[in-house]
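A, B, C and D are the chain letters, set down in written order, and residue numbers restart from 1 in every chain.
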């Protein structure tokens, strides 16, 4: 039986979609990646997210990748990104992946939404389209989607839509928003898990503000798992030490556009992907950028945690 | 044999997708509408455009509506809107409708494009995805897509991509752009047809600036056909008289959001649609708005052309 | 004594700033224009608005133009646009024009505002800056400012800020917003005057929805006055006839950018400005555009009201 | 004699404007801050930038702050931010600060610019307004201004406008842009200094790509000076070590909105400002945020450079 999203905590990596150099989906890497997530302590995973190159997949491919990950992940809950320009496509994919065992779906707001009412109205319509019984993750990512949700808007969505099961929080700055939402819960709002995205750039303090974990694609989810674990165990300075040791690379990978190239390159160097290839269109990954990533991976460790990169 | 888009002129209406009140596609109205377009002098038509509610259709439905219109339209060229958030979906739909006899496809730019290079790059990639042999219509609609194409950018696209077969011009203000493009042609740019959208709000002067016709969904395409014909025949004042008589209603229908409700309502009153229903989400069409449209349709004609509304 | 903005109705034209060809302010035209507004039945006026070229004036010039209009207008209330990137400049200009007899100020929202709370918060801070005793006009113009205010947000501002004295309504589409606000008043919201902008493109139906008049710069404010008067007198069809006769030109003048050139050109042809000059930067007004305006002004009248253009 | 901007290198901090708690300008802190910049090796400075709270100053105050810094800085070049919604205000401030000894002015693009031609045209007009003899800094900051300048657009500006004396580079991601611009120089483009903003988040690699230094407001400009010096001296790993030690705090301070609160708080704790006060409107700086900054400042140093914070 699949765990409920409403209890989500820990690390849900955003899985990239593995391709061969010729653009075909690399199913062996899908398995390898899923096994790796399981082995390093991830508590769930998300496929077909913004960085899963979902728009470059045909419908059948999307369904095949999601299904393979769901099956391979076993008891681990798998969330499937179903954001689409129209509700017809969203409903179709949602139906098909839920039937295949997805734990829920993730829905990003279209970048035309402006007012509070438009945002709430959009999620109301989305729930009507996919069905009120399907748990959905609210994706709050203003940097990319240009949609700004105040804590009050999130509260309206949580209050009105019981199937809103989790918040993927990637507002920036976003620390006060976590505090505000946790305060709302003390004032009677239903509690929902808050898992943080944005490549984990503030995960250290987000945990201390009340986040339940991470939901992002940084190429070292093992580190994210450790930071979350240390933080939840009250080992504050150890969590920060580990986090800080990764920050130079993490910051580099967080760059929009080129970030996915960095991530796939590292995952390939870690032996998890057979190729760093993306389908077109893809931001160029220059020789200089690759050298910078190599430099970040190889720098002599100044602190113990630094050694944790473990990439040769 | 289907006419080439490269010779397009006259009126290509943007066809709405007819629904029954319960949301099912009304195929009888699809035929009736197509026959009407043929009968009133339209020279082509466009389906699954921005106002064809394309995002609310499942893939099979999109293909079915497009195919039915293509067949019913006979020798008339049918353009199919294939704008999509990713090239995989765009390629799939393009392939399927071209196989069924579409004359070409229409591609709108994603609203994240900003720089000139990004815009040109996007269309380069789109052509790579759909195939360089598929004629495509460049949709230039900054008000809705927030993408601003200068005449120079359009020239770069026309010069670089031979399959760019037509410009759907709906910039606003847009008169000088037509003049600039026609000047470019005198300077050596390949000539492409310019058909104007934006509900025809400036069709009177767009024709005089060098446009080849209209490509828009105003509920009286018969009037658009007459204006284009009169203008091309040099009957300038007659063209303006007819246009001006429609302008109060045309302006009303041109409102974003509510405009489609107005259009479907009038097409229903004209006996072309069995219902004005839209699939959700749809902007509300209030009792007051309906009364205003009724008023616009019924006002005593002050000039001869006014009588042309012909709706009781 | 100056009339209170809270009772505003009728037509408040947005005054352009008259320049000589060399860029100096043409003070004789300032007087001539003010006298014209008084003579044709305007009930107030607005200076230094979006189309008053305010950002092209130095501080002393802004103050001089506003002061001259205030004095010349006598008992007519004059509203001064004080929108600024910071509250220091807004406060300074507000203080200086109120001291010179302005009836109030107009404040547009900065185009960075997104959420409902940001919008309300901005006006709260503006009032704190200029003083709670200064009547201000709330400018709701999403097409230009990219800030979308729902009726609910306007209600929050009206409820919270007693110095919000008037709404300059130029949302598009905007008819339902007027109806919603008037409904709020029936539900207990304080009544505020709603004067419509957007060059009057929907003034005919805006009056019927409950607007109190126009607050816009169309080059025939005399027509706007007549339409408002006819509408308020219940002479519906006469109001529409007059409005419709102007619509082809009004629509042409409503174009962003080039619109001000059209307006100044017509005001010059009407003998109210000595020059149509704008300070730089200004959108080009081409020979073709000028010919189109001439054509619109000279076309043989098809209806009685058409004759009202009165420009030779 | 003031150094020419065209040779700028090193660190030009963006100076905050010091206020007392009651909002008055704290002139003693202006001097203290300027002296500090001089003492720690800064090679120039910028006042009235985006984070100098310029829009909250009245004209006389702006001029007074700029003049005080220019005088106190002696031979050090001082750049003054003159961005304004209109060219009249930009021209006035430019004239007044150049007369008082400013080395140049900084001009940000208005956030309405979209196309390449609009961007180039804006700077052409700005130069026409301020005078072609005034050196200006081109501010390229898409995250805040929503204006995207390709390397090609920057090249057009540099080629066409000889008074473009420096690039304040704060694109993100921005490493490839530096490489592209340096490549353009090898292809014949006039060389201009590139100083990086964005709180220095990528300063480590920006230096390696060819940047000449930093032009940003991080509260430890001494560290920025050291990183630039080490990098220019070829001590790569030492530069990275120092940079990495600051990265957790630097990243925290780089948050939009709250960042200025963090910066002023640290500068106060360093004894450079007498108060961390901002004029309204200011983003709230919560007790939790302050505790996080305290934590970042106090954490036990894991590496030698860490000790460099020197705040107790």
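The rule is short, and it goes like this: a contact is a pair of C-beta atoms (placed from the backbone, for glycine too) under 8 Å apart; a residue touches a chain by one contact, two chains touch by 3 or more.
What you see is a predicted model; the values in this text were computed from it and never measured.
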Practice task
Sort the other chains by how far their Cα centres are from that of chain C and give me the top one.
Solution key: A
Completion exercise
Chain-centre distance (mean CA atoms) for chain B and chain C, in whole Å, is 33
Practice task
Would you mind pulling out the distance in Å between where the CA atoms of chain B average out and where those of chain D do?
Solution key: 48
Problem - Distance from the mean Cα position of chain B to that of chain A, given in whole angstrom - result: 39
Handout entry: Residues of chain B touching at least two other chains
Key = none
Practice task
Using the contact definition from the top, classify how the chains connect: line, ring, star, complete or other.
Solution key: complete
Completion exercise
Counting only contacts in the complex, chain B reaches chain A at residues 54-59, 61, 84-89, 92, 111-112, 121-122, 125, 128-129, 279-281
Practice task
Give every residue of chain A touching chain C within the complex, in rising order.
Solution key: 114-118, 148-150, 152-153
Practice task
Spell out the part of chain C that touches chain B in their complex, as residue ranges.
Solution key: 172-173, 175-176, 179, 201-202, 204-205, 208-209, 237, 240-241, 243-244, 247-248, 251-252, 255-258, 284, 286, 288-289, 292, 299-300, 302-303
